[in-house]
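Worksheet: the structure to be examined is printed underneath.
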Amino acid sequence: MELVVFVLAAAMILVGAVGVIVRSNPVHAALSLILTLFGVAVMFVAQNAHFLAAVQVIVYAGAIVVLFLFVIMLLGVDRSEDLSSEPFRIQRPLAAIVGLGVIGLVVAAVVSSRDAIMVRGTGLNVADTVGDGDTNIKQLARSVFGDYVVAFEVTSVLLVVAVVGTVLLTRRVKGSGKAS
Amino acid sequence: MTAVENVRQTNEGAQEMRSRSEIGARELLREVGAVLRMSEAEAANLGQIPVDPDEDQTMIINMGPQHPSTHGVLRLMLELQGETVLRCKPIIGYLHTGMEKTGEELTFLQGGTNVTRMDYLSPLNNELVFSMAVEKLLGIENDIPERAVWMRMLLSELNRMSSHLLFLATNGMDIGAVSMMLYGWREREEVLRFFQKVTGLRMNHNFIRPGGLAADLPAGWRDDVLSILEMLPPRLAEYDILMTDQPIWRERLQGVGVITADEALALGTSGPILRSTGVAWDLRRDQPYLRYDEVEFDVIVGTYGDAFDRYAIRLNEIRESIRIVYQILDHMPLGDYRIQNKKVTPPPRARIDESMEALIHHFKIFTEGFKVPEGEVYVGIESPRGEIGCYIVSDGGPKPYRIHMRAPSFVNIQALPHMMRGGLVADAVAVISSVDPVLGEVDR
Amino acid sequence: MGYLGGFLVTLRQVGRRNKVTRQYSGGRELKKGKPQRDEKADKPERLHGRHVLNRYEDGMEKCIGCELCAGVCPAKCIYVRGADNDPENPTSPGERFGFVYEINYLRCIHCDLCVEACPTEAITETKLFEFSFTNRKDAIYTKAELVVGDDGRPQQLPWEDWREGEDLSTSGWVRATAPSGDATFEGVVGWSGELGYGERAPEPEQTVRDGGER
Amino acid sequence: MTDVQEAPQPETLHGSPVSYSRGQKVVHPSRADYVKVLKKLLDDGFAMCSDLTAVDYLTHPGRELPSGVDAERFEVVLNLTSIATRDRIRVRVQVPESDATIASLFELWPGTEAMEREVFDMYGVSFDGHPDLTRILMPEDWDGHPLRKDYSVGRIPVQFKGANS
Amino acid sequence: MSFLAAATPTTTWYLILAAVLFGIGAVGVLVRRNPLVMFMCIELMLNAVNLSFVALAKKMGDIGGQTTVFFVMVVAAAEVVIGLGIIVSIMRRRPGATADDISALKG
Amino acid sequence: MTALLGLDPLAIGDLIWAPLLIILLKVVVIFALGLLVTMFMVWFERKAIAGMGNRIGPNKAGPWGLLQTLADGIKLFFKEDLLPDRADRFVFKLAPYLAFVPAFLVWSVIPLGGDFSDGKDGLVEWFGQTTRVQLADPPVGILLFMALSSVAVYGIMLAGWSSGSKYPLLGSVRASAQMVSYEAALGLSIATVLLLAGTLSTSGIVGNQGGFTDWHVVSTGIVPFIIFMLAATAEMNRPPFDLVEAEQELVGGFNTEYSSIRFGLFFLAEFMNTVTMSGIIVTLFFGGPQGLFDIPVIPGAIEGTIWFIAKVLVFLYVYVWMRATLPRFRYDQLMDLGWKILIPASLGWFMLMAVLQLGRDEGWNRGVVGIISGVVIAGCAGLMSAAVRTSRANREREGAMF
C-alpha cells in the first residue's frame, strides 16, 4: 500500500517537475508546479508530517503559486515563450550535463551513506501509536516555539521586511513613469 | 472638402477608439476631456509627452453593445489600466430605426405613435412635447381645454414617477442590490396599471394627441391615483433604509462620476445631471408649460454632482411629483378633454349618424389628416431625463416636413467620458446607471 | 442602523400576500382538460388586444370595406378590399362589404387608430394579447379568423389563450361612445347594436366618474 | 400664410436679422458670421446649446426668411438656452448644397459634438474643426445621408395572404 | 496484495526522488529564460530539499527536520514576495524582459 | 495508511469487510447528500430571494418547484458545449473540475452528526459498528479545509485566464487578489478558535463546545465569528463580495465564456461552497451537531444530525438574506476592508485572546491583563487608523494616475 502511494506521488512530482521546465507557457508551467507541490504534500503525509502537508498546500499552492499566476496575468506575459531558439548554443547540453551530474552526485552520496543515517532524536510521535491526532502538531510546535524560538522570531522579522520591501518596490511614485 | 469625400474617408472602424500609438496628442487630449478638465498649461504639458505604447499596459475593452449594465445597446469602449478607466468613448446607433425619417411619412395624427416609442420609459412626455409643438404650429396652444391640460399634467407626473422608479430599480441592480430591482419594478407596475386603465396600453400609449387627449379618464381614476399616492411614500421610506442609509451604497456612489456645473452646461446636459451640480434648472419651473406655474413644488438640486446626488435627486423628485399630483387631483376641472376644433378633432361618434358634415370631417381626418400651417417651432419640456425638445417644420401639409426630437439621453451620454475618467470599472457601471440613458431615445 | 436596516426591509417582504408575479406560464396548458392553475393579470376595460370584426344583431357584418382603417394605420398592417354586396344575399347592410380583410400581427402596434377611424364600429380590439406564432403565415389573420362567430364572440383559435371575460367588452367601446370632448354628446350612445350583446350602455358622465360635482 | 412677422424696421441682433416664428425669436446669421454671432450669444449668457439639427429644404424652397437672407438647401438650426434669463433663442444658418460645410461649435459648446456628428451623418453637412467627424447613428460604411429629402424612404412590402388573389 | 507489501519504500527512495527533483529544478534554472519560470524552478529545488528533510526526520526520529522545513516554507514565501516584486517592477518597464535583462538592476 | 484516512476508529485494526463497506457507504451517502443538499440550496436560494423580492420563485418543476435545479441541470447537460476560439483548450476544460472537486472535498471533514454528549466524543453506534458521522477526521482537519479553500481559487483563476477573453481575465485577476487577501483574515480568525480548542481536528473542535457558553461564538467573543463570516463570504464569492462574477460589471466574470455542463459545474461548486462554508461556520463557532437541549423520542445518534442541519439552514438563509439586501462592494473597498479592517482586527483579537489564555494559565490578575492588553490594542488601532488616513490623504493628493 505504501508503495502505491509512493509510486503515484513520485509520478506526480516528476511529471510536474518536468512540466515546469518544458512547458513553454508560463501558466502551464505554474500548473505543473502545483502538481509537483501536491505530490510533495502527499509524500509529507506518508512521512507522518501532516501539519507540513497542510501547510505545504496552503502556503505553496494557496499563496505562492497564486501569486505567480497573479503576476503572470497582471503583466500579461502569458504568451508562450519560444523554446526552440536559444541564445547560447552550448547552454542546453551544458545544463543537461550539469543536471545529470548533480543528480548523479547526490544519488551516489545518498546510496553510499544510507547506513550512516541513524536514529538520533527521541523519535517522532505518530498518531497511530499514541492515539492522539494532534501529536505531530504538538511535537512540531514544541520544537518551533521551544528549541528554535529565536529562528522563529527572526523569520517573522524577515517576513515583515519582505512585505515592506515589496510595497516599496512596486509603489509607483507619480511622475516617475516619465523617467524611462 | 465636400461631404461626399468625407464619407468615403470614414470607413469601418472610424468610430472606434484607437490605441494610443495610432492617435496624436490632440486627439488623446480631447478624449480624456482636456477641453473641459484641465488648464491650458496642464493640457499642453500632457500633450508633449511622447506616447509610448509599451510604457504602460493598457487594455481596450468593449462594454456593450451587449452588456448587462449598458441599459440596452449602448457600447462604451474603455481603455483600462488594471481596472482604472483612462478613456471612454460611447458608440451609439445600434438601435437606430430612423424615427425622424419615419416621422416625415406619418400624418400629425399618426405622429404620436412614432414619437412615443423614442423614450420608451416616459412615452407620455414624448407625446406631450410633440402635441404641444403641433398645437403651437396650429396656433391653438392657448385653446386647449382646461381638463385636457390638467390631465396631461397628471399623466406626465405619473410618468415621471414610473420612469424614476425604474431608474431606482436599475440603479440598484447595477450596484448589486438585487432586491431593489424588484421593488422598483413593483412600484412602477402600479403606475403602469393605471396607465393601462386610462390608455389601454402599458407604454407607447399614443394617448396625448394634438388638441387634447384620446379619451377621458375612466371611472374610478381618482381612487386609483390616490392608492398610488398613498402606496408610494412608505415604499420610498423603505428605499431610504435599503439604500440611502446603507454605508456600502453611499461608498459606491458618493464621489463617483463627478461633474461640475460648468462642464454640465457646456456639454448641454439637462435634467437630474445638470441639477446634481447645483444648477436649479427645471423647465417646469423656469419655463412653465401646462399649468405648472399653478402648482407648488420644489426643484431638487444636488451639491457635488456625483452619482449619489443624481440618485437622491430622482428619489426626491418622486416625492415632489406626489406633491404635484395631489394638487392636480384638487384642481382637476370638468369639461372637454379635446379641443372643439373640427379640423383637428374628429367628431363624436353619435354626430356621424346625424350630420353628413361630421362624416366628411371624420373621413378627412382619418385619411388625410389635418393640415398644419407653414412654419417652424421648437418646444422643450422637462422629461424625467432632462429637456426633451421637439422641432417641427411644417410646409403646410398634413405631414411634418421635418420633425426632430431633442433627446435628453442623446446629449447626456456625452458626459459619460468626463464622469468616468479615473474611476474603476465598477464606477463606470454606476455612472452609466446614474445618467439613466434610454437607448431608444439616444438612437431614435 | 446603517448596514443592518436594509435587512429588515427585505425580511418584511417575506410572506407578503400580494406577490408581484403570478403563477403564469405563458398560457401553456400543462394537462389537457384539467383546470389551469395559471392566472392572468386582470385586464382593464380599455386594453388593446387582438382585433375582431363585429356583426350587427341580425348577423350582418358591420364592415363596409371603406378602407379607413387601412389608411389610418401607421404601421400599414391592415389590408382591405371591398366588393359589392350580392343584393339577394347581402353580407353587410350597405352597398359594399369587406371582401378581403387581413391584419398582419407582425406589424400591428395596437394603437387603436383603426378602431377610432372605423365609421361603422366594425373593428374593435379584444383583451387578448397572448397569441404567438411559429411562422409568418400564422401571423396574418384573415377575415375568416377575425370576424366574430354566430354567438357574437370572437373565434378562439387553437394557439390563442382565451380566459373568462377577455372577449366581453372591447376597447373601441370607450372611444367610440366617447363624446370626443364634446360635452353635448356625453352619455349619448353612438354605437350600433352588436350580435350577442345588443346595444352597449354609454360611459357614465364625467361628474360621476370624477366622484361627484366639483 | 405667413408667420414671420417682420418688425417695421428689420430687427437685428449682433448684426444678423431676427425674425419671430410663433412668438419664438430666431436669428439668421450668415455662414461667415456664424461663429462670431454665436460667440456673442454665448457671452450674452446663452450658456447651454440645447439642440443642434438641420433641415433639408429641397422640396420646400419657398419658405419665409427675413430680407437679406438667401434660402439655401440646408439649414442648420440651433436652440440656445440662457439659464440666467430663462430665455431661448433659435439660430438658423443657411448652408448651400454646393459647399455643405459650416464651422464647428465644439470650442464654444463641447456638447455640440454628438449633435454635429448626427447632422453630418444624417445630412452630410460637414463641420470644420470638429474633432471627430464620423458617422454616429448609421453604420460607418453606409452610403448616403438618410434624412436628405432626395434619399428615398424605402419600404418593405407588408405580407398579406389575400393581397394577390 | 502481497507483492505490494513486499517492497516498502525506504528513506533512500525518498532521498533519490529528492535528488532527481533537485536536478530537474537545477536544469530548469539553467535552461529557461523567463524569470518567472526560473523562479518556479527554484521552488522545485526547495521542495526537493524539503522532501529529503522530512524523509530524514522520520528516519532519524528527529522533529528538527520538520521544523526546518517549516522555516524553509516561510522563507520561501518571503523570497517569492520579494522576487515577484522585483520582476513586476522590471516587467512593467519592459514587457517581455528575460533573465538577461535583470542586469538592469545594476543601475 | 491510517494516516491517509484519518483517525476513523473503523480503520484502526485489521481491514475487514464490514467496516470497509460502511466506509464505502459513507462515501457514497455523503457525496450523494452533498449533491442533494446543493440542489436543495439552489432551490432554497431562489425561493427565499423570491420571497424577499415579492415574487413566487420556481414553481413549475415538481411540487413547489423543488425539482427546478434538476431540470436546469438536465438542460445544461444537453446544451452545446462552446469552446472559445482563443481559449487554452486544456486549461479551459480542466478549470471547472478544479473548482468543483475542492468544494466537495471540504464536505468530507465536516462532522455531520454524532453524539457528543457525556464524553461520547461524537462516536455513534451504527449497525453494530462504532463510527463518526463524518467521512474522515484527519488530525489536521481544519487545515485541510484551509488548504482546499485556497486550492479552490485555481478553478476560478484558470477559468478566467484560459477563456482568452478580457472580462473573464479581469474576473480572474480580481479572484486571485481577493482570495489571497481574505485567506489571511480567514486563517487568523480560525486561529482564535484553535487557541481555545487546542486541536486541529474538526471533531475535536466540536467536542470542545459542550454547552452554549462553550460555543466558540460566545467563548471567543463574537469578533472572530463576524470576521470569519465576512471573510468566508468573500472567499466563496457570495454577494456582496461577488466581484469575481459581478454580472453588472464583468458580465459574469470568470465564467463568461462557459456554457453547458462546464458552467453547471461552476454553478454547483459555488452553491456547494455555500453549504460547506455554512457547515464549517457551524462546526467552528456554533458547536456543530451539539444540541442546546435533548430532543425527545429521537435517538442520540440522529439527534446531532438534526441539530447540524438546523444550524446550517440558518446560515444558508443568512447568506441568501445578505445577497438580497446588500449592494456589491467595489474592488478597492473590498481590498480596504480586507487589509485595513479584517486582518488587523483578527490579528488584534487573536493577540487579546492569547494574552487572556496565557493569563488564565499563569494565574495572572484578569483585570490587569485586560486593561493592559486593551490599552495596547487601542494604541495599535490608533496607529493603524492614522496610517490609513495618511495614505488616503496621499492618494487624494496624487489623484488618479494617468
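Order of writing sets the labels: A, B, C, D, E and F. Residues in every chain begin at 1.
The rule is short, and it goes like this: a residue touches a chain if its C-beta (ideal position, glycine included) is under 8 Å from a C-beta of that chain, and two chains touch if they have at least 3 such contacts.
These numbers come from a predicted model, not from an experiment.
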| Where the centre means the average of the CA atoms, what chain is farthest from chain E? | C
| task | Could you tell me which chain's Cα centre is nearest to the average position of every protein Cα atom shown? | result | B
| message | I want to compare two interfaces, A-E and B-C. Which one has more contacting C-beta pairs? | response | A-E
| task | Between chain D and chain E, tell me the centre distance in angstrom, where each centre is the average of that chain's C-alpha atoms. | result | 73
| task | Using mean C-alpha positions as chain centres, tell me how far chain A is from chain C in Å, no decimals. | result | 76
| request: Indicate the whole-number Å distance between the mean C-alpha point of chain B and the mean C-alpha point of chain D. | output: 22
| What whole-number Å value describes the gap between the mean CA coordinates of chain C and chain F? | 56
| field | Residue numbers of chain F (touch at least two other chains) | value | 52-55, 324-326, 399, 401
| remark: Shared-interface residues of chain A (touching two or more other chains) are 1-2, 48, 51, 55, 63, 67, 74-76, 177, 180
| field | Overlap residues in chain D, where contacts from two or more other chains coincide | value | none
| field | In the complex, chain F residues that touch chain A | value | 1-4, 7, 12, 88, 90-91, 137-140, 143-144, 146-147, 150-151, 153-154, 157-158, 161-162, 169, 172-173, 176-177, 179-180, 183, 187, 198-201, 204, 398-399, 401
| task | Under the touch definition given earlier, write down the residues of chain F that touch chain C in their complex. | result | 48, 50-56, 59-60, 321, 324-326
| Once bound in the complex, which stretches of chain B touch chain D? | 1-4, 6-7, 10-15, 26-27, 30, 35-36, 92-93, 96, 98, 100-102, 104-105, 136-137, 139, 265-270, 279, 281, 286-287, 373-378, 380, 387, 389, 391, 393, 395-396, 401-402, 404, 406, 410-411, 413-414, 443-444
| task | In the complex, go through chain D and note every residue touching chain B. | result | 1-3, 21-22, 24, 47-51, 53, 55-56, 59-60, 63-64, 77, 79, 81, 83, 86, 88, 90, 99-101, 106-107, 109-115, 118, 120, 122, 124-126, 131-141, 143, 145-147, 153
| remark: As the complex stands, chain A meets chain E at residues 1-4, 6, 10, 13-14, 17-18, 20-21, 26, 29-30, 33, 36-37, 40, 43-44, 47-49, 51-52, 55-56, 59-60, 63-64, 67-68, 71-72, 74-77, 81, 87, 91-92, 94-96, 98-100, 102-103, 106-107, 110-111, 114, 117-124, 139-140, 142-144, 147-148, 151-152, 155, 158-159, 161-163, 165-166, 169-170, 180
